[in-house]
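Each of the next two complexes has chain A plus one more chain, namely chain B in the first and chain C in the second.
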Partner chain A sequence: MARNVSTQRKLVTTAIAWTIGILIFFPILWTFLTSFKTEAQAIASPPAFLFFDWTTENYFEVQSRSDYFKHFMNSVVVSFGSTLLGLLIAIPSAWAMAFAPTKRTKDVLMWMLSTKMMPPVGVLVPMYLIFRNTGLLDTRSGLVMVLTLINLPIIIWMLYTYFKEIPGEILEAARMDGASLAKEIIYVLTPMAIPGIASTLLLNIILAWNEAFWTLNLSAAKAAPLTAFIASYSSPEGLFYAKLSAASTMAIAPILILGWFSQKQLVRGLTFGAVK
Partner chain B sequence: MGSITLKNVSKVFGAHAVIPSIDLDINDGEFVVFVGPSGCGKSTLLRLIAGLEDVSDGAIVIDGKNATELPPAKRGLSMVFQSYALYPHMSVRANIAFPLKMAGEDKAVIDKKVADAARVLNLTDYLDRKPRQLSGGQRQRVAIGRAIVRQPEAFLFDEPLSNLDAALRVNMRLEISQLHQQLKTTMIYVTHDQVEAMTMADKIVVLNRGRIEQVGSPLDLYHRPDNLFVAGFIGSPKMNFISGSQAAGHQAHTIGIRPEHLVLSKDHGTWQGTVGVAEHLGSDTFLHVNADAIGTLTARVSGDFAVTHGDRVFLTPDPQRLHKFDEKGLAIR
Partner chain C sequence: MATLHTRSAARLMIAPSVLLLLAWMIVPLALTIYFSLLRYNLLMPGMEEFAGLTNYTYFLTDPAFFQAVFNTLAIVLGVLFITVVGGIGLALLLDQPMFGQGIVRILVIAPFLIMPTVAALVWKNMFMNPVNGLFAWLAKLVGLQPFDFLANAPLFSIILIVAWQWLPFATLILLTALQSLDEEQKEAAQMDGAGAWSRFIYLVLPHLSRAITVVILIQTIFLLSVFAEILVTTNGGPGTQSTNLTFLVYAQALLQFDVGGASAGGIIAVILANIVAFFLMRMIGKTLEA
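For the complex of A and B:
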């Protein structure tokens, strides 16, 4: 029997939910609004909420000072590239751990996850030196590599959890039917794991898109993605809030749109296996 | 030709020997059933033959060639799994065609073989459906279709009917038997259900704790069980066992008598007792009789025999059908 919920209680819960939702969304909304203000209005106290002189001047300024599309393309290449490369490595690894585990598999999984617990700055100097000495500094391929490595544990963990849900007998059937390991993965495992792979792909594109520590430290001009584009508007000489906001809005817009259209897939991915 | 020979095959998981050591010959074209209680190692043995598990020791010879180290696909065997293990993202057609596609067959050859298999298995109308749109019996037929298109040396069935309801199980049992007569290919069938074993097998292998207790034809096992385990496992309802002074009178440690070999009478006989439960099946009645001197006995009598709970009856074993066992549980002949 469904629970009886009074109208009053519904109203209260709805109000609380909206308040929390708006609180979480507010910084993004504020950034969006600020991007249409002049620099003076942006730092005015008390701040104007909606009634100010709307201007798109910041966007033109930002575009003319630093080429948005160059950074955008860098972000696309780095985030998609690192995610695809990560999947190529992670699918066979997760296969091995899910379907041919040894007694050390759990330890390996924990060890991989533990690398995510270390503060990245701890290895900044050696990483920087390796990048400098191998000529990878400020290259897209260098960023693709480093983002692949830092997100690989998460990709493997997510795929491992999905693969665990696939009955091993189906893969054994494929083996009996004459499929080699590669064909078993391509024709049977991957198509069955498509929903899981899709949500892993989306989540990792978002993580890679937003990653700022390594992209800021290992790129300068040529390979700099949108994180560097935003950061360039926060300088020691002072903050240009309106331009910073315009840059931020432009940087997060693509990933917000991607997230909006794929939210069903993402939610499924994040709660996969919770209820069965 | 699909003869399979196991030589000293053993399987050890950690410190636990699931299969200590097994020798077995399976002739070409035979329908062999591995039967035993759960955990007896019958599925493991099948998986060793399939190549899905590696043997710890010994050799598996298929069709005269040593296949011990061969991967599953190279052994020329097809397997039908308990869960059907169909590829959920592929249509019935693609499922059946999959082994042929893996073998690199021509599209025209694949189409023809799939159509033939579908006709044999009454699946022609379902070729474009996905497995989830089929009933349990149809799914099982698809799994069988996928197994037969390759024309393997032998078929391996791992409890293929245990997910089906009782009526369907009887039908599929018949269909698999008919398929065997049609194809005349070696079949190895694993089940815990002794009725399936008795009705389908040319040869039954009774397994217990990883060891072969007896190998023989269904009637062989029924009439001449080698030991107490086989005597108790084969036959339904179970054989009655009596030990003590009654057995000593027959120069045995234990005597066994099947329920159908006890003669029931209301006024005279060897053992007297009270009817506890009477199960009326119509054609037969199973009586659980609390015999005064020896405990509960099960008897199978004609459905016409009017008897109910609490009646006093006499039971007499047919002396020709009495089984005798020594203190180790081995048959005395």
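For the complex of A and C:
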């Protein structure tokens, strides 16, 4: 028996759900709209919702005033760099733990997860001093290193849960057919592992792009990614809502789109495979 | 022989991650402990000396410390309450048949993808600002005095902002769990005459318990260390009204350059986080084993 739902009830649910959905999304929508206003319109009362003179001036202003593109590239380099480096280190480990598990594999995994429970302030002081003394402060490579380390447990866990799902029988079948280890890896395992690796990549780029403890504390004018760049708008210097909105829109748009495409993987990755 | 081979190969493949994480766990933490026993200020280089537990007694007798512990817990519990209750409600709603479900889902998860500094600044300026914010305009519209959120209720405002960011996470996970609930079970309960409320209490809620536990565990890890939202909105103030432990240690280290004091604070934060983690892991262990 399929659930019989009256059209009327469906319409009511739709109305409620859309209202709540739009309310939750509203701050983002409002930021987007404000980015096309002039500064005067941005703080006008009553506020203009759609009927104002749309202008793209803020976007150019943000770029010319503060070299937005540089910070955007910092974000790209830091998030992609740390994710790729993390994958490079994590893939062999997750692979080994998934396909050649020992008695201790579970403990190792739990221990890795437990490193995420250490609050970052516990190591803020030494990290800051180490970075200062080695010239890593305010460099992209320094940020890449730290973000690789903090996301490594998540990357390993995600990959592990994906690799775990590749059935072992397939390997046996390939072996029976006389495939060598190299062929096994290239023709059998890799194609099955790629979707998992891709989701891990996506989620970790999102996490690294939005990371806002280490990026704020370990970077300044030169290497600041967008998280830190946007934070510089917190000191009020006259009217700046429209420019803040333009800078924000550009900072969140790429990740919003990436995230929407990877909703399913988001759940799985963020719960370390506990909820699928 | 082959297995021996595989095993050592496996060890070799795991080694880099384990060594890196081990170093990441031990080296900075050991340094923090070492610094916490020194009188060490960056403004007075070369004056470092052993100070015993002075930094700890200083920190533990500072009224700001207790305020910070309270604020930390308030943020964690406040946000957890809003997101878990709201998340269950939203998940139940989104699980109903409707038009355009996919789009509503996209709208609802969006805040989670927004970087913390953007989320906090947008709320601070465009909504909570007592002069130009939308809330002020709404208040005036219905004839009320605009309320200065961040000056008069800083902690509450921060909880609100952080809850907005994490509500999608809870919703998404609970919705995923809800969709794996057997449709036939619900129908059987309905046939047996169970009302909507008892179906929720005896069927849906137990089914969600694992997902709720996961939500609590993961959010707690992140919520104990809320930082950017405080930095760009209130800077911990007014006074220390919205300073949490993370922010207190940050201020001690990078604003007052007190390496010793900040390190002691950092160690205390680690200990507190471990206490929370211990209870959490025990609780989670029970649900996840099942």
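We adopt the following convention: the second predicted complex is superposed on the first by the 211 of 276 C-alpha atoms of A that agree within 3 Å, B and C clash if a C-alpha of one lies under 4 Å from a C-alpha of the other, contacts with A are read in each partner's own complex, and residues count from 1 in each chain.
Quick note on the criterion: contacts are C-beta pairs under 8 Å (C-beta built on N, C-alpha and C of every residue); 3 or more make two chains touch, one makes a residue touch a chain.
Remember, it's a predicted structure, so these values are computed and weren't measured experimentally.
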{"item": "Partner chain in contact with A:Met117 - chain B first, chain C second, else both or neither", "value": "second"}
{"item": "Contacts of A:Pro47 with chain B and chain C, given as first, second, both or neither", "value": "second"}
{"item": "More chain A residues in contact - chain B or chain C", "value": "C"}
{"item": "Touched partner set for A:Ile170, first chain B, second chain C, both or neither", "value": "first"}
{"item": "Partner chain in contact with A:Thr134 - chain B first, chain C second, else both or neither", "value": "neither"}
{"item": "Which superposed partner A:Met192 touches (first chain B, second chain C, both, neither)", "value": "first"}
{"item": "Which superposed partner A:Ala179 touches (first chain B, second chain C, both, neither)", "value": "first"}
{"item": "Partner chain(s) touched by A:Ile255 [first = chain B, second = chain C, both, neither]", "value": "second"}
{"item": "List of chain A residues in touch with chain B within their complex", "value": "167, 169-170, 172-180, 183, 187-188, 191-192, 194"}
{"item": "List of chain B residues in touch with chain A within their complex", "value": "50, 52, 71-73, 77-79, 81-83, 85-89, 98-99, 102-103, 146, 150"}
{"item": "Complex contacts: residues of chain A adjacent to chain C", "value": "1, 3, 5, 10-11, 13-14, 16-18, 20-22, 24-25, 27-28, 30-31, 34, 43, 45-47, 89-90, 92-93, 95-97, 99-100, 102, 108, 112, 114-130, 149, 152-153, 156, 206, 209-210, 212-213, 216-217, 226-228, 230-231, 233-234, 241, 244-245, 248, 251-252, 255-256, 258-260, 263, 266-267, 270-271, 274-276"}
{"item": "In the complex, chain C residues that touch chain A", "value": "6-7, 9-11, 13-14, 16-18, 20-21, 24-25, 27-29, 31-32, 35, 90, 93-94, 96-101, 103-119, 121-127, 131-132, 134, 137, 140, 164, 167-169, 172-173, 176-177, 183, 187, 210-211, 214, 218, 221, 224-225, 227-228, 231-233, 245-246, 249-250, 253-254, 259, 262-263, 265-267, 269-270, 273-274, 277, 288"}
